[in-house]
Each structure stands twice: as structure tokens, then as C-alpha cells.
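A short write-up of the structure that comes next.
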Amino acid sequence: MSTDARFDGPSALDPVEVNAAVRALFPGSNNECVELGPDFAVARVVAGPDAIRPGGFISGPTQFGLADAVLWYLTFAAVGRIEPMALTSELSMRFLRPAVGPELWARATLEVAGRRNVVGSVRIWVHDEDRPCSIAQGTYALPWPSAT
Amino acid sequence: MSTDARFDGPSALDPVEVNAAVRALFPGSNNECVELGPDFAVARVVAGPDAIRPGGFISGPTQFGLADAVLWYLTFAAVGRIEPMALTSELSMRFLRPAVGPELWARATLEVAGRRNVVGSVRIWVHDEDRPCSIAQGTYALPWPSAT
Amino acid sequence: MSTDARFDGPSALDPVEVNAAVRALFPGSNNECVELGPDFAVARVVAGPDAIRPGGFISGPTQFGLADAVLWYLTFAAVGRIEPMALTSELSMRFLRPAVGPELWARATLEVAGRRNVVGSVRIWVHDEDRPCSIAQGTYALPWPSAT
Amino acid sequence: MSTDARFDGPSALDPVEVNAAVRALFPGSNNECVELGPDFAVARVVAGPDAIRPGGFISGPTQFGLADAVLWYLTFAAVGRIEPMALTSELSMRFLRPAVGPELWARATLEVAGRRNVVGSVRIWVHDEDRPCSIAQGTYALPWPSAT
């Protein structure tokens, strides 16, 4: 259980900064930060041919990768800085509907930001945010000792 | 992945009916259905002395029990009938803040209702819904063959 | 991700000590520690009438309560002391088979013990450990700053 | 809760068949089935440069992708046939230790195989199976109506 330290002011970060930092740190990532606020982040990924599994669906790991990325961006927003060593400690996903389309969107919502962890909920969709293809919840651990 | 059969009309059930049926079926339950709509349910439980763990917090299992109950009520609403043999197939919880207070509230939101499963997200709080003490996501399996 | 500090020697604790401490700290708990080693714990609970849900099954929350308890005992064993303020940070359960019988057993296996967290896997059964009625994985957060 | 239909005889499938079928169905997958039995599957993946995240660790999504794949192979073994339309319904992962090395291994263990679902546990490691870098549990839904 986290001591509560919800970030109150507007986030000092914007998507351009986040994307530049992530490209430099983790060039293998195709995910893109689209929007960022103190308690949410929006991301998307274009589904390349490698992401398509039997049935024409965007694969589960592609969805997991986007969920993981959007929670990372949310963590940056929640702590107010790019924190490359924030690491996923756990993430659970539920797949609800086939994901058919050219790109995938995700919104992460901050549930709590503490000294040790940031917890968020994620919704992933193709065309309609109200009909998610998957949902997730997960935890990022902040580096120890945390500078927060 | 569920074939989508989201319930469109208003739920035919109300909390009084749900509570009467649950009391008859499962007299051990202390949880109470407070509000019910086609895609949500609200529940509460009064935390008796057995529910208090070290530190004065309402215990995790009490929170799990309420999450499980509110998802059951949501399942009834989503399929439009009391379905005693709908069973939890999986549920994951994250504990965010100490739960200190006399009673616990929970809101379940429908994520998808299919022929086989109902999936929902849950938020649990003591005083302020915007500062949840725990969050959960889970799946109820409908009886086989489903009458839906 | 936890810095690894797996406890090597035999646990200094035994089930009698654990049960005495838990009874004092958390009198509402019916769960009992049966066996304890440096990287495992075994627990059981007698299912009272309140624990029986429609169909004659031991309820999900009773199973969750036992899973949560056995992970707490495992945490004590892993850190080598009764640690009342170790708190569940997350726990996910999957229900596999009906739990029909007078009592429930659980075994927790240590996955990692770090400075901040203890993670374990749990198997719950009625008659046969090889046919679990549910499985779980979860995380206990150690108090901050941890004395370990 | 699944009606129990655990596969008793030896699996009719072998890794060569599984890999050939998966390469044909899902050419984007780099994961490889290494071993297969009626109640387990072993898989590995070579971590390409795109899989490395800050700190030199094999990324979480790469680990998720391998967990998802090894549960798919386990599902094939449990139902005794290649079942391309078996789909992940939920999967939760816990990250325990940094994953540093050239390749990742995973072992899935069957928890239950029913008419509707197959549930398994997964352990992922780089050098030593007893020191996993992550663990997972998840559910594959079988196509409806299932031929099993």
C-alpha cells in the first residue's frame, strides 16, 4: 500500500519530450505517446505485419506492449520527470474483443502514485474507446531510493 | 475473447430483488447491492470487528469479498436475471491505500458481456470514490450452456 | 523488480509462533499456519456455514482469504520475523474447479524476496494438491524503511 | 469453473509440428517450442536488439510474448491438436529480477483443461529456472463450440 503522493500540479512533461527520450533510451519501441496529463496518458501504435496473428487480429503481445508503454508514460507524468529506471513490477490484461484495424490506441489513468510505486488502469481500443479490445491494470516500481 | 452481447435496454432487476435472492442463496454474505444499472452496480459492506486487521485497516479479504459480490450483481444486471451459477473465474486486486472507516463501497463497471463471460472493473473506497483503497478486474463465467 | 535477498538459512519461525502472533494481531482470522519453511508455507481453514455459496462450494472470498494468509506466513518466513505491517499490494486468483469439502488447504511457494516486496505463488485444494480448486500469485510490500 | 477434462495420454503433438504450424499461421512470432508433454510446454526466444530496454534488460513485452506463446503451445498439448483459434482471455505477469542474457526460456504447467478454457502457470528465466525473471498465470479460451 503506497503512501499517497498524488502529483497535484500540471505535468511538466509533454509527449514530444517523452517520445524523444524513449526513442533514445529504447529504440526498439514502436509505441508513441500522444497526450499526457498529470493523471493520464494516451498512446498509440501502428500494427505492422509482425503484429497480426491468426484471424487477422492484432496480437496480444502487441497490446501488452502498448499497455506497458502507456503506463510508463503515465509514470513519467505522475513523478514529473522521465524516469528510465521505472520498471514494471506486475501487469494483468484481459482480452475482450478482437482487435481488428490498422492501429491501436491506449489510455492509462492514474490510480495512485506513491514513493515506491505508480499504479494505473489501461483501456485499449481500435476504433471506439467505449468498446475496448482489452483492459489492463499494472504497477511500475520507482527506483530505490526514490528521489520523489 | 467474447462474442459481444452487451445488454442494451435498462436492467429488469433492482437492488431489492438482488438482495432478496442473494440472502436466500448465500446467507453468509454481508454485502449489499445498493444500485444497479445495465452496465454498472454499486455495493457496500459494513466492516464488522472480524474484518479489521493490524493497523486498523479493513482486511484485504473483506475488500475481495465486496469486489466479488459487486461483480456478481453486475453479472445479473448484464444478463438481465439472477444467475446463481455464474461463478468467478478469475479476479485480480491491487491495494492502493489503507481502508480505514466503518463501511466499504464498491462500484463495478461492465467491460464486456458475452455468451460465456462477463468482465468488469471495480473500484473500492471508504470515503471518496476518487481515492480508492483498492481496484480490481475480474471475470464471471456464465453457466454452460448459457440461455442468453 | 526486486533486489534479490532470498533467505538462505532455515526459517527461525515455526507455525506455533505464527499462529499465536496472528491470533493476537488479527483475531478475526480463521486461517491456520500448518507448516513453514524458508521458501514455503502451508495453511488451512475450516469452512464454516458462512463460507458456503450456491452449489455447495466454498466461496471465492474464503479461498482468497486463505491465499492472502498463506502469503503473509510465507512473508514472515522469507524475512525471518513476524512482520504485522507487511501488506498485500496485489493478488490475482484463478478459480479452476468447485471447492467441495469441509476444509481448504493452501501452499505458498516463494518466488522472490527483496528489500521491498515478497512475491509468491499459491495453490489451494480440498482433497488433492494436484487438483487445485484455485491458484493465485501475489505480492506483499514490506514496511518502509525495511529493516532487512 | 471448468469441467475437468485433463488430457491423460501422451500428447499427440511434438515441437516440430507446433513450430511448423505456428510459423505458417503467425509468421511474426520469434518464439520457438522446444519441448511438449501432455501437461507442460517449454519455449524460448532469442532476444534481438529491439527487445532490449534501458538497463540492458530484455523487455517486459518480450517476456509477455513468450509467456503467451508457451501457454498457446500448452493449450495445443492439452487439447491434443493445433488450435489456431484458441485465444488468450487473460494473462497476468509479475517481474521478479532483471532479465539479462541472449535468450529467454519459459516453462508452462497445465493447471486445468476444460471444455471452454485452458489455464496454466508460467515461469520465465535466462540462466537458471530456479531464479525466474518473471512468472505468469493465464487463460486461453477454446473456440465455441469446442470440438473437445
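Letters A, B, C and D mark the chains as written, and numbering starts fresh at 1 in each.
The definition used in the following text is that contacts are C-beta pairs under 8 Å (C-beta built on N, C-alpha and C of every residue); 3 or more make two chains touch, one makes a residue touch a chain.
What you see is a predicted model; the values in this text were computed from it and never measured.
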| item | value |
| --- | --- |
| Most widely separated chain from chain C, with each centre as the mean of CA atoms | A |
| Chain pair with the higher count of C-beta pairs in contact (A-B, A-C) | A-B |
| Interchain centroid distance [CA atoms averaged], chain B/chain C, Å | 24 |
| Gap in Å, rounded to a whole number, between the CA centres of chain C and chain A | 31 |
| Distance from chain B to chain A - Cα centre to Cα centre, in angstrom | 27 |
| In chain D, residues with contacts to at least two other chains | 1, 87, 89-90, 92, 94-95, 139 |
| Chain contact topology (line, ring, star, complete or other) | complete |
| Complex contact set, residues of chain B against chain A | 1-2, 4, 92, 94-98, 111-112, 119, 121, 131-132, 135, 137, 139 |
| Chain C residues within the chain A interface of the complex | 1, 3, 87, 89-90, 92, 115-117, 139, 141, 144 |
| List of chain C residues in touch with chain B within their complex | 25-29, 48-55, 57, 59-61, 64-65, 68, 84-85, 87-95 |
